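Below you'll find the structure, written out as structure tokens, and then a few comments.
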Amino acid sequence: MSSKRRPDQPRPTRIEPFPTASPGSVVITQGKTRVLCTANVDADLPGWLRPRPGEPPKSGWVTAEYSMLPGSTPQRKKRGPDGRATEIQRLIGRVLRASVDMDKMPGVSITVDCDVLHADGGTRTASITGGFVALARCIRHARGKGLIKGDPVIGPVAAISVGVVDGVSCVDLDYDLDSRADVDMNVAIDHRGRFIEVQGTGERTTFTRPQLDRLLDLALSASKKLIAVQRRAVR
Amino acid sequence: MSSKRRPDQPRPTRIEPFPTASPGSVVITQGKTRVLCTANVDADLPGWLRPRPGEPPKSGWVTAEYSMLPGSTPQRKKRGPDGRATEIQRLIGRVLRASVDMDKMPGVSITVDCDVLHADGGTRTASITGGFVALARCIRHARGKGLIKGDPVIGPVAAISVGVVDGVSCVDLDYDLDSRADVDMNVAIDHRGRFIEVQGTGERTTFTRPQLDRLLDLALSASKKLIAVQRRAVR
Amino acid sequence: MSSKRRPDQPRPTRIEPFPTASPGSVVITQGKTRVLCTANVDADLPGWLRPRPGEPPKSGWVTAEYSMLPGSTPQRKKRGPDGRATEIQRLIGRVLRASVDMDKMPGVSITVDCDVLHADGGTRTASITGGFVALARCIRHARGKGLIKGDPVIGPVAAISVGVVDGVSCVDLDYDLDSRADVDMNVAIDHRGRFIEVQGTGERTTFTRPQLDRLLDLALSASKKLIAVQRRAVR
Amino acid sequence: MSSKRRPDQPRPTRIEPFPTASPGSVVITQGKTRVLCTANVDADLPGWLRPRPGEPPKSGWVTAEYSMLPGSTPQRKKRGPDGRATEIQRLIGRVLRASVDMDKMPGVSITVDCDVLHADGGTRTASITGGFVALARCIRHARGKGLIKGDPVIGPVAAISVGVVDGVSCVDLDYDLDSRADVDMNVAIDHRGRFIEVQGTGERTTFTRPQLDRLLDLALSASKKLIAVQRRAVR
Amino acid sequence: MSSKRRPDQPRPTRIEPFPTASPGSVVITQGKTRVLCTANVDADLPGWLRPRPGEPPKSGWVTAEYSMLPGSTPQRKKRGPDGRATEIQRLIGRVLRASVDMDKMPGVSITVDCDVLHADGGTRTASITGGFVALARCIRHARGKGLIKGDPVIGPVAAISVGVVDGVSCVDLDYDLDSRADVDMNVAIDHRGRFIEVQGTGERTTFTRPQLDRLLDLALSASKKLIAVQRRAVR
Amino acid sequence: MSSKRRPDQPRPTRIEPFPTASPGSVVITQGKTRVLCTANVDADLPGWLRPRPGEPPKSGWVTAEYSMLPGSTPQRKKRGPDGRATEIQRLIGRVLRASVDMDKMPGVSITVDCDVLHADGGTRTASITGGFVALARCIRHARGKGLIKGDPVIGPVAAISVGVVDGVSCVDLDYDLDSRADVDMNVAIDHRGRFIEVQGTGERTTFTRPQLDRLLDLALSASKKLIAVQRRAVR
């Protein structure tokens, strides 16, 4: 365990506006990990949601893309999709869809792009936590322009990594902790403390029910702090 | 909930040898879901594990590929990789690697292929459960041919889906249950009842700690039955 | 020549129903060679056959895809299309189209998928012979559901490989014979003994008119047996 | 049948040198059909033929690529490979390999490129007939430079299309005839009148043994004229 | 500097009709460099120019594709797009669009294909110079068929390479000169001596304003000769 | 012309360090245009520069990649390479190679990545100007770690866009100016005022020699200011 933090203490988190052409863009910073989150509205739906000609759309859609910039890792990251990115962006999309009532944004698609500026562990959870803020800010902008009538936002969703390192359960693994972790879990939690996604993997070993319980406690506790940061950043 | 089964009752599972060119191939059948699992040995390693010239290999490797055959779904499934398959085969690979000590098969790669013959829910967990049997049988064959000296198999790993349907926690979701599930979870468990992977998603809603606990209980109970089937099939 | 069979004696052929989500699926077994043949109906046409808006479709379409499963060969077969598979599936599609009157299934496309479970020579001809049965069974099912009104099936088409091995003309080459063959020919024949496709190649040598004649005689004789098996399997 | 030619009369064939950077390049002209054939030598082998380090190569290799230039068809042909081109270039390669003894060009690969300048039927057979000339001229050039020691050329191979149009068997189908043909056959024949490849397809109907015999007679007769043209062009 | 030409003397240029299925096709020859230029009309527009349903098209479009045939270089050129070809065909397209008033060919797309038969330096400028002739001839043919009503051709555009070799400014670099050039510039010029595109690169060194001026003088002088050749070839 | 700036006045330029995993990363800001420039060292060479086994490398290599982030444009930019990006990154690479003596960094490759955060005109020239700073800072870091012995940096190179808008020659076109420009030119200039690359295009019209001269004057003047900013940022 890193000497700088207690095992139950997440890294400090900042979510700040970042100027791009997409209104509402933010950068989330957790320790050294930094992810640029932008969201764009499109007045069209993916083919399988598009209504028949003449019928009004019944729903909207939210999707996500995740990518690591070439300079985000000490050894240059090659561009282009890979299996890991595919798995991660499917996770981000599922979780963000749980934060909005897509029936309240009929005919509107939003793509949330999470581009990792610096990767030091926890980039997928930072993408979810920052991505929600970009999504909520983008929706507010689209409501201001009349593209979305009601308010589809249900409430913040935050995600955090937890794991077992050297036998100790700890929260918000940076790269050093993550690379030594026996168990690695990513948990996405809503503002009421309910789970949206729980993904735990025994990277080098298996894990027991009490270990799982301890990790979920850590994640729940950390999620409350993150949601407070998100609420301030959305305003 | 289907009237045919109790919520805590998994579908009957059969794992039977199936003739292909890969020794040890099996088909796993769970209700209508059927997956062909084959495993092939290669006396080479992926680039990032290959030792420097002159040095002996320190480890082996196990990976998995997952695909749905065109005839496996009522509407023909197009060939070729997609995001969902990528996510699933990464899960299968991670779990199967937990079932073997790869240091005991230095220089040897094994690819486990899971090709869905008929998809009726639970194909990723059936792929893990059947895939372990193909892997273990393939290893035994490779030991017989002297390609692998020791016994890298740690023990069976089985996986099962659980979920909340119409407010009821139930096990081993078929397609009908899965498409109505509010919460969907896949759990991979080893022969000692320890977790290897827990992946839970609130598809239409979020879920609480007590719901999570109930689902894990169901998964643990079902995994014991599956592991008994696996033990018989490996022999 | 293999000691087990006479040069003019094809391997025993079985065509049996195999449960998938596609009604009418079969597995054809010829010696060790086994191919899964499934057929799916789609109430749409490829772009170049689609009628102008407002006009009724004049014809239907039949196409085929061929693939070898990773476990079908002693050394694992990599997934994904290659030149050989492209050439083979174009052949299968041409021959199967000769077995139906596509004007009698207007607006309907059928894709026949041939997935090789075990490859021991003759997989392309087995795909044709088994593919016809899957196609005919699929058409019967589509007629039962009212998707196709009349009966487009003209009659069985079967295919067989013949070749010259060690100077002897022989029929139904398995992998061992095929890899030693000087001349290799695939012949597709209809129920009246007429040719649909003749593809002969001098792999290591050229061949004469009398050799060609002897090979066609062998193919015609074998096709009659195959068509009898097909007729039983369609029923 | 076209009024300009008798059914047994092939179009006039010219094979002429055409200046490119590849010594030995020719254009073959048959009616309006024109194909540029170039051949390039590479002092390397494809991976599966490459000898182990320290061992001498035992054989050479000949392969072919086929492509239609965008301006070769009345409606612009899109660039890039497709299924038809794949099938055709595999045929060209197989036939050209029959014209040389590849053991006499150890360690040397030759690629014959056939690029269709104007497509008016019979482009695959023109590619074979012209491709042999480019190959033979390229080999002579490589022998002059010492890259190849002996003479690997066995003798000319020519190819011709034959078919049944409006019930009449005819030779060397142009686009107009080809598009009306019931039966279409491509035949590759060596200088002794032996077959290298026979590919006959009942495009709209099946065909009988006597029809096949008549078509082969036409092909054999035409091949003699083509081989005379080839012999002059190689010199 | 090559002993055969003075530094201000371009290679002799011929632009001659070449028979393909595309009316107006030409081959341009400059020294050993030869490029086949064909142009095809399509009565459709790229998506971003297509008018809304019911509205008439306001403009036409001209685009270009550039490719080197496998036999065009001493070492066989692999097929398929690469970064250099992409850059070149974007240049060709931009320049050719400057030679026509696309508002006078509403709803019509023309693709100019430049396929290099023999590459000996200056293939991109030869493609522009020859491409204009193919384009103008194709437009004349389309006007004859009534596809284009008015005359969109503004006037010839020609392109030429200039560069600094061994300290001497020279025009129309062949491969030998190009490979030794310190500065390399391609200039496209219209019939009034105005610039359409100037692309200069210090390949091994930087260049000064006086050098730039001298190179532009050479290019302007050579362009007049090329435009005279173009005018004769269009007729 | 925008009312905010005089035609000969470039936008204010800032080049500031930006934290990523690549030492030396900077963001260049010119008006609203912002580009992240990172540079990574690799102790390997591209295949065509790699020395034969046993020989020391004679040179190093510098290359560039350019991409627009999805949020960089008002309408979301799709990920993945396209023709425009290919053309731009080839330009960036050529110019940056002119700023270093690659013989002084034998065996070392550096990739400069230019990722556009916000696109408001001039992204390719900003990428060059900022990219040089990232490259120089990366080289200094690599020298500190001993990967590079001498000092390969020759001196700054800066690039600027100039153009003719509404008949007025102006410098540093933002998106609004660029979209109205008749002539558009990008000029890369070294610290001695010599040209590395001149790329001028008549987007809607052609241009004369005096116009070209005026544009080059503007570019030279602006480049001095940029090089002063670069010198401060490298320190």
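Things to note:
In order of appearance the chains are A, B, C, D, E and F, and numbering begins at 1 in each one.
In this section, a residue touches a chain if its C-beta (ideal position, glycine included) is under 8 Å from a C-beta of that chain, and two chains touch if they have at least 3 such contacts.
This structure is a prediction, so every number in the text was calculated from the model and none was measured.
Distance between Cα centroids is largest for the pairing of chain B with E. Centroid to centroid, with C-alpha atoms defining each point, chain A and chain B lie 27 Å apart. Look at where the CA atoms of chain A average out and do the same for chain E: the two points lie 50 Å apart. Between the CA-based centres of chain A and chain F the separation comes to 33 Å, rounded to the whole angstrom. Residue positions of chain D touching 2 or more other chains: there are none.
Around the ring, proceeding from chain A in the sense that reaches chain B first, the chains are ordered A, B, C, D, E, F. Residues of chain F touching chain A in their complex: 18-22, 25, 32, 34, 36, 38-40, 42, 65, 67, 69-76, 79-80, 111, 113, 115, 117-120. On the side of chain D, the complex with chain C involves touching residues 83-84, 86-87, 89-90, 94, 98, 185, 190, 192, 194-203, 206-209, 212, 216.
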